[in-house]
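In this document, chain identifiers A, B and C correspond to the written order of the chains, with residue numbering beginning at 1 in each.
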Amino acid sequence: MIEQRLAELERRLQQIEDERAIERLIASYGPLVDAGDPESTAALWHHDGVYDVENWLMNGRDEIAAMVRSRGHQELIARGCTHFLGPAVVTVTGDEAVAVCESTLLVKQGNQFRVARGGANYFHLKRVADSPGQWQIVRRITRMLDGAAESRDLLTDGIAGRIR
Amino acid sequence: MIEQRLAELERRLQQIEDERAIERLIASYGPLVDAGDPESTAALWHHDGVYDVENWLMNGRDEIAAMVRSRGHQELIARGCTHFLGPAVVTVTGDEAVAVCESTLLVKQGNQFRVARGGANYFHLKRVADSPGQWQIVRRITRMLDGAAESRDLLTDGIAGRIR
Amino acid sequence: MIEQRLAELERRLQQIEDERAIERLIASYGPLVDAGDPESTAALWHHDGVYDVENWLMNGRDEIAAMVRSRGHQELIARGCTHFLGPAVVTVTGDEAVAVCESTLLVKQGNQFRVARGGANYFHLKRVADSPGQWQIVRRITRMLDGAAESRDLLTDGIAGRIR
């Protein structure tokens, strides 16, 4: 009986720790990419992970780090920008997980900011094999919320915890 | 002694699970309503639940689903919109809970977005009787933060965990 | 063996409770300051705590409460404003903690809102000695994300959990 209660507590706690590790990872993206840290941003992904934004398909950590170092991103940082991600909804199933959140990109213009984007963000993640409690993004798909069915499907699949 | 420690661990874990279930429910609202899913959006509420926005008082799930299907909401989605809710502060007391968060509504305009709203969101929730760990909204009150005392009181009551 | 498992569960649960207490404190700031509650806003800080915004260095709770009561802040509230903070990334080390989040300030203008700020927020917190599970801000540094290295360093230090 004690054994059962201990095992059940451990299982429930592990689930919260997994979800929280993923929430933390996603909440770290904005600060890291706005700080302009190419390696730490890329390290949120699996080394073969994919970051699929509408006009830019990045394959693997090197290409993600290159995006942070790119002239386009560096100009955004120099001007002043906030990649603002909302609270993620996370669904863990064994060693895989799906998460979803909405986001906005604020860019400085004069003495205020303009809202350059409103987006849907879908994440497929995997548990790191030899490092308990650690997760990495296998695939992130980001689309502007512009009325397209494709963007809205990211939200639906994300909330349902559906792996694409 | 072991019995006491197990019971205490179970109690503390249950509290976190309750709060997290409510945080997740609230974080799901934006993605579901921006995806345009009437049934899943309405299912966040108790079947008799109320959604009280300044110009629209919805009573029960059918009226909430009807809002998602309405011409006004569908036009927002078609244009491109993000109902962006911030992290919720949740206070659970037995089988009832109060939560509060701020929100913004971004609407696409040309190739960027305008900020159509900044709002205060107050939630009164109840535990679902026969489904442990599940919560439903009994009443959500949303008001624009426009200087009115009414909107500010939602924030104060929400943080204090006061049931209205 | 049972003793060990209980102690380990208690330790893991305590860590989550600490992190969540800090997340809740940070998520309370926006609602409290937008409600215009000087005492509750100031109570998030240690009585000697510092709030360092670029043009305003507040020392201690009285000066923080005075900011909430100030003509500038009251005019913001009367016009309509949302101090919107994103999900915080929290790192607890013993009785100290570091947290970071991004934020935006929305101010009502006509029948919509303008984005007055996009900011980086760095928090150094301490555990309240005689009140388990309670934390207070020792120092909060907030800077506009305007391309300055100083603002970006807040994000980097915050994610790394570095005490300044």
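Heads up, the rule we're going with is that contacts are C-beta pairs under 8 Å (C-beta built on N, C-alpha and C of every residue); 3 or more make two chains touch, one makes a residue touch a chain.
The shown structure was predicted, so the numbers you read here are calculated from the model rather than taken from an experiment.
> So what shape is it, when you link every pair of chains that touch: line, ring, star, complete or other?
complete
> When chain A meets its copy chain C, do both sides use mostly the same residue numbers (more than half shared) or mostly different ones?
different
> Starting from the mean Cα coordinates of chain A and chain C, work out the distance between those two points in Å.
23
> Residues of chain A that contact two or more other chains, please.
Correct list: 2, 6, 9, 13, 16, 86-88, 114-115.
> Help me check something: in the complex, which residues belonging to chain C touch chain A?
Checking each residue of chain C against chain A gives 2, 5-6, 9, 12-13, 16, 19, 86-89, 100-102, 104, 114-120, 144-147, 152-153, 155-156, 158-159.
> Would you tell me which residues of chain B are touching chain A in their complex?
Contacts found on chain B: 2, 6, 9-10, 13, 16-17, 20, 23-24, 27-28, 30-32, 34-37, 40, 77-88, 106, 108, 112-115.
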